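Here chain A shows up in two complexes: once beside chain B, once beside chain C.
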Partner chain A sequence: MMTAATSAPPLGVIEGYRQVTPVVERDGATAEVDATGVYFQQLNETVRRLVAEGATTVRIAGVNGQRYLGAGLAAPGVRIEVHGTAGNDTAMFMDGAEIEIFGNAQDGVGNTMSGGRVIVHGDAGDVLGYGMRGGRVFVRGDVGYRVGIHMKAYEKHVPVLVCGGKARDFFGEYMAGGMLVLLGMTGRDAAQPIAGSFLGAGMHGGAIFVRGTVEPWQCGAEVGISEAGEEHRAALRPVIEEYAAAMDMDTAEILAAPFTRIAPMSHRPYAKLYAPM
Partner chain B sequence: MAYDLSRYDGFSPDNYREESPFKIHGGCGLMGICDESGALMSGEEPIRAMAVQRDRGNGLGGGFAGYGIYPEFPDHYCFHMMYHDLRARDEAEEILRTRFTVDHAEPMPTRPVRGIHDAPILWRYFMTPRAEVLEELDHSAEDFVVSTVMEINARVDGAFVASSGKNMGAFKGVGYPEEIGHYFRLEDYAGHTWVGHNRFPTNTPGWWGGAHPFTLLDWSIVHNGEISSYGINARYLEQFGYACSLGTDTEVAAYLFDLLLRRHRLPVELACTVLAPPLWSEIERMPAERAELMRSLRAVYGPAMLNGPFAIVLGFNGGMVALNDRIKLRPLVAARSGSRLMVASEESAIRTVMPDPDTLWTPRAGEPVIARVKGMELPFHSTLHATPAEVSCAVTAADACHELEEVAV
Partner chain C sequence: MQQTFVQPEFRVKIDYDKCHKCGRCVQQCGWGVYDFTERPIPHDEKCRACHRCVTYCPAHCITIEKNTLAFRDNDNWSADARKAVWTQADSGGVLLTSMGNPKPYERIFDKLVLDACQVTNPSIDPLREPMELRTYLGRKADSVAVEPDGTGGFRLAGDSGVARNIELAVPIVFAPMSYGSVSLNVHRSIAMAAERLGVTMNTGEGGMHEDLYPYQDHIILQVASGRFGLSPEVLKRAAALEIKIGQGAKPGIGGHLPGEKIDRDVSATRMVPQGSDAISPAPHHDIYSIEDLRQLIYALKEASGYRPVGVKIAAVHNVAAIASGIVRAGADYIYLDGFRGGTGATPQVVRDHIGIPVEIAIAVVDQRLRDEGIRNHASIIAAGSIRSSADAAKAIALGADAVAIGTATLLALGCHLCQSCHTGNCSWGITTQRPELTRRIDPEWGAERLTNLVNAWSHELQEILGALGVNAVESLRGSRERLRAIGLDEQTCRILGVKPAGL
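What follows is the complex of A and B.
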């Protein structure tokens, strides 16, 4: 009795991804992987195998939401290209490879990342760089909520995250170390402010640089807001140079505007809250 | 809420034989798609969108709702029913036949699917309310249907109403959504609006009636998150005759939308504001008139606020609304391709159905994404009311509103 649909009835249950080994083409140290419709597990196993076999460039085409790409990869000098939409937790726990994403990235990219570099040429989602403790994440476009939440640093291990577009609420929330940079130069929505509310809320380490200005109400109660002086711009310059090179942008243009520096007023903002009476 | 479910008063073991009393933390996945031109899409599209989000669930719940799927009975209420046993079916049918003229009844068309087992007895009924019963009860047809749904869900042991709207239906159960969609032969249906869900039960059991979408009349709700205000919301809804009996927090969202949109006639934007209100600190920064409206809404509808993380999609005959909690604790991506508007938990789901959308964006916290099918009468006030006076006349009666407009002219 029902209206017949135009497509032929499926033979079996529709699969989002197939649990098959992806097709790989090798050319010396370069490997091309077709990820179209391949489940993340087989895809990641293949990438790890190729790296173990000596591939230094792994080009993955047809990516659409497969999770954990490059997760835990401790392979300095290895370059992974992702063409498509990178899935959740891409580069999670990564320590020393480079992942360049030609497309958007979903949520949680660079989660607890220790080293290496992630370049996103599109937008990135929520909780980008969550608990990141080393390496670089560069995004050309906009980023979501809770970006850089609880980033931390120790001695030489200083994570850096740069967003070319705009960020939503809770940027740098509970930040404990490292550097977050927000440029607001590529955002798609002109009406949107460069950052949302609760910028640096609960922050107790590291520094946030925003190109231009932010309103005090946008920031958490624990931070100090000031225009970045010479000393701080000197620390920012090499980061911007590296970002501009990765994005094919002009360093001078990025640095032509004043930057606002947001840093914690205390290393233990809640010391009194939890101290014994 | 990691308590022993069997000790919870609201659950009678007889009613919830399928429940799995364990807890796994995780997310859920959802999608919604609407062709605003009214063009129909095969049920395969929502299945494909959910299949790539398979890992967001754990096989303990999958489901869909489609609109415009019953062109042969567009004005009949269609009840999709789930029965434990034939006794439950007899009891529920007794209620249905007393209250409605049943013009067509049949088992739901299904096919065997590996992984889908222990299905309840599934039937659907195309019905119209009996005029004499309506008259006697002095109910609107909608209120009559709502009271029938509440009565069956709360009082008939082992019988549950999966959906109760016109020209729509919910298809849900225990399994992954792509399996459930295949089981219900969704490719045989065509609708202008679809919502889909992949469940990862956290606080409540995975059982057939507890799968999403949750529906009432034409409303269907799919939800990712948890509603920590469930107790307050459920008690508030009880005052208006809604009995929360399905053992899943999402149920309150469906009833709240029915209360706010159908009975209180709030415009949809404001109903969304009630569920996900701006923070007090944001209200302080608003222009005076807007701030007064927000304060009024929070004062009147405090117990209707949904606390906790959520992304929800509300489907209805004529479109859909997607909404995040006010601090955006769950993922939601939106895209438009031609006349189609689509939302999902992940961009990958959108790109599976529309590989190269015209625009793709992430909606802001508490900011609804609304799709409306052109030419279809909407089941709620569609224009945003700007002042508390306009809202209160929207709540009390549509006529007063028209009068106000006339005065304004």
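What follows is the complex of A and C.
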């Protein structure tokens, strides 16, 4: 046996989690997984295996911050229920499946997501829907900073992200396509403004709808701010209907207030910035 | 309209006695230098000195000269510095250029020489003896176990973790250049060459066009801040994934692929609308720390079935500490891009004044990882700029596992380093999406030229190894004792870990 020179200890498992295959109960196409204390790698491996074996509903109990649930899952028609707190990068790169989270979600939900739907019946953290290019992310409560950064649309892929509560700074920064909706109806803190600063900064595609009003100082320099007219409210309505149905809320009540529409003034915000040599 | 103060940089001279009046120069020029009324009439101010017309003129009657206008001597205000001021006073714009830093900073590679065996330790003739250039990118086990193979020899017990490494037949890979910045025919040429050579090409941040799927086992898919062209499908096709944090030609800034370079096919591959700018933010907005980087590395592993994940950074001041963090974050390789590295578009001020030489970066990163006992956790790819097999050998001796070539790749395909990629009018059909120009590169022809280049460098590497008396490139890696410096100051020698010649 040859041994290499002294080296750092291997990168370990996060404390409090065990590298064990979680307990699974199968009932036809439904699978129940107990995630209590299970390391993310084994948990996600199990979810992928269950989907590959034909499970169409995977119910995961005892989730406590495990990362990457549904990451890279390309599985239209599959439904994953998460009971507990979904960890970072839930549904990252996902395409087609639906994840419903009964609890809060941490950062990065829907990061670079291609399609499918994520429903969060609680609050969600920072960097939701970064670079998202399709599908839906619906959050009942508040969201953190940098939400919807660089969302982009391409042909029939139009990402939509709806937050029932309030958002922090950089909502929709660099946005290149799709739709961001901020309702401000469920926020925890009445004193917090519905959105932070730098709303839509560097935006060059897509549209942001805010229920109520935002001040020009909250917005980036590249956007135009106006009250959503009939044409734009017509585009918003089906999204709100879908959101209200998922959240068991009332569409008419959501739509009872005026919406502010924030949209880019140019698809080429930096075209005049340069002097080509 | 006011006359610009900036005079043409070049003069296009045509010997009309020899000229066939065939108009080929008019047709060849991507920048519209030539009008044609009975004979070609050049407009000097549009010329980029790319020599496309010169190369294809059947009468060899065109020559391009520097427009050597005399200025009153001034060592302080160069002609370029004056020109820059005039240009910016015209438009108020950030000067935009391309390719690598051309400034006369010290070129350390040119001040390093390699050793050779004389008398005491025989050199090896690579033409008649085995000379291994194969190397593996990725994490190596902390220890390996061997067992008898039953025929009197030994074999590895288990795979010792090398199964997930990327095997390279030679330690030269193709550097990331995106489809969008270069044409699809360039990507096809490189992909075919990578497969034939048993090495890898890298998509850059523009996604993987479906025409490249047949070569996917030799393709590294890049994940950059714009997250262009990433779907669960392509993540699982690629041989490995690479998180691009920075680039030597433009450390710390993002990228703007201008709308006019985004045609239907580029739009489909990047999954962005046609005609809109494709903007990559300066940072990844989900990476503000080493812990965040680790999170993305493992997100990519989870989504791709545990493919190797590398991290590309620009060589900057604190590169050794950054590299240590990257390795601890779980990267399988680090890609170090020096300040000479090229690009399809960059602000000139950033290209010319930010970053450090790759030679320094390789040496300090290799040393830091060794000192911390984690050198085996990740491989090092060095780039920016590797101009020859000698540069490659010196980079490996300084501590790199392999080198990547970008500018040399484009040179092999016809690039003349005119630094005009950002215009989208490349007459050689390389950094353009104009169909009448892109068809100038036949992928079969391109692949052959690239294969020739890398094969030539590989033979030269074998010669160098033979002279050094070693029979495997991995024996040269980090072997700085085989390098000596000529004309480098003491401090630089100490940082490089290289003795001056004579010691």
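Please note the rule applied: the second predicted complex is superposed on the first by the 259 of 277 C-alpha atoms of A that agree within 3 Å, B and C clash if a C-alpha of one lies under 4 Å from a C-alpha of the other, contacts with A are read in each partner's own complex, and residues count from 1 in each chain.
The criterion applied here is as follows: contacts are C-beta pairs under 8 Å (C-beta built on N, C-alpha and C of every residue); 3 or more make two chains touch, one makes a residue touch a chain.
Bear in mind that the values here come from a model prediction, so they are computed numbers and not experimental data.
Asker: Looking only at chain A, is it chain B or chain C that touches more of its residues?
Answerer: It is C that touches the greater number of chain A residues.
Asker: Look at A:130 in the shared chain and tell me whether it touches chain B only, chain C only, both, or neither; answer first, second, both or neither.
Answerer: second
Asker: Is A:67 touching anything from chain B or chain C once the two structures are fitted on A? First, second, both or neither.
Answerer: both
Asker: Which partner chains sit in contact with A:88 here, chain B, chain C, both or neither? Use first/second/both/neither.
Answerer: both
Asker: Touching A:15, do we find chain B (first), chain C (second), both, or neither?
Answerer: In the superposed model, A:15 contacts chain B only, not chain C.
Asker: Looking at the overlay, does A:110 come into contact with chain B only (first), chain C only (second), both, or neither?
Answerer: It touches nothing on chain B or chain C.
Asker: Scan A:177 for contacts with chain B and chain C and give back first, second, both or neither.
Answerer: Only chain C; A:177 stays clear of chain B.
Asker: Which partner chains sit in contact with A:153 here, chain B, chain C, both or neither? Use first/second/both/neither.
Answerer: Second partner only, chain C.
Asker: Identify the partner contact of A:141: answer first if only chain B is touched, second if only chain C is, both if each is, neither if none is.
Answerer: neither
Asker: Check the residue A:220 against both partner chains and state whether it touches chain B (first), chain C (second), both, or neither.
Answerer: A:220 contacts neither chain B nor chain C.
Asker: Just which bits of chain A does chain B share with chain C as contact spots?
Answerer: In the superposed arrangement, which is not itself an observed complex, chain A uses residues 1-7, 10, 40, 67, 88, 107 for both chain B and chain C.
Asker: Which residues of chain A touch chain B in their complex?
Answerer: Those in contact with chain B are residues 1-7, 9-10, 12-17, 40, 64-67, 84-85, 87-88, 104, 106-107, 123, 125-126, 144-145, 168-170, 188-189, 197, 217.
Asker: What part of chain B is in contact with chain A in the complex they form?
Answerer: The touching residues are 40, 42-44, 47-48, 50-55, 69, 71-72, 109, 113-115, 178-179, 181-182, 185, 187-190, 281-282, 285, 327-328, 331, 333, 346-349, 351-352, 360-362, 364-365.
Asker: Note which residues of chain C are touching chain A in the complex, please.
Answerer: 87-88, 90-97, 141-146, 225-227, 230-233, 235-236, 256, 258-259, 267-268, 271-273, 275-279, 281, 285-286, 295-296, 298-299, 302-304, 328, 330, 347-348, 372-374, 376-377, 419, 422-423
Asker: Going by the contact rule at the top, pick out the chain A residues touching chain C in the complex.
Answerer: 1-8, 10-11, 40-41, 44, 67-68, 71-74, 88-89, 92-95, 107-108, 111-112, 114, 127, 130-131, 133, 146, 149-150, 152-154, 157, 173-174, 176-177, 202, 204-205, 267-277
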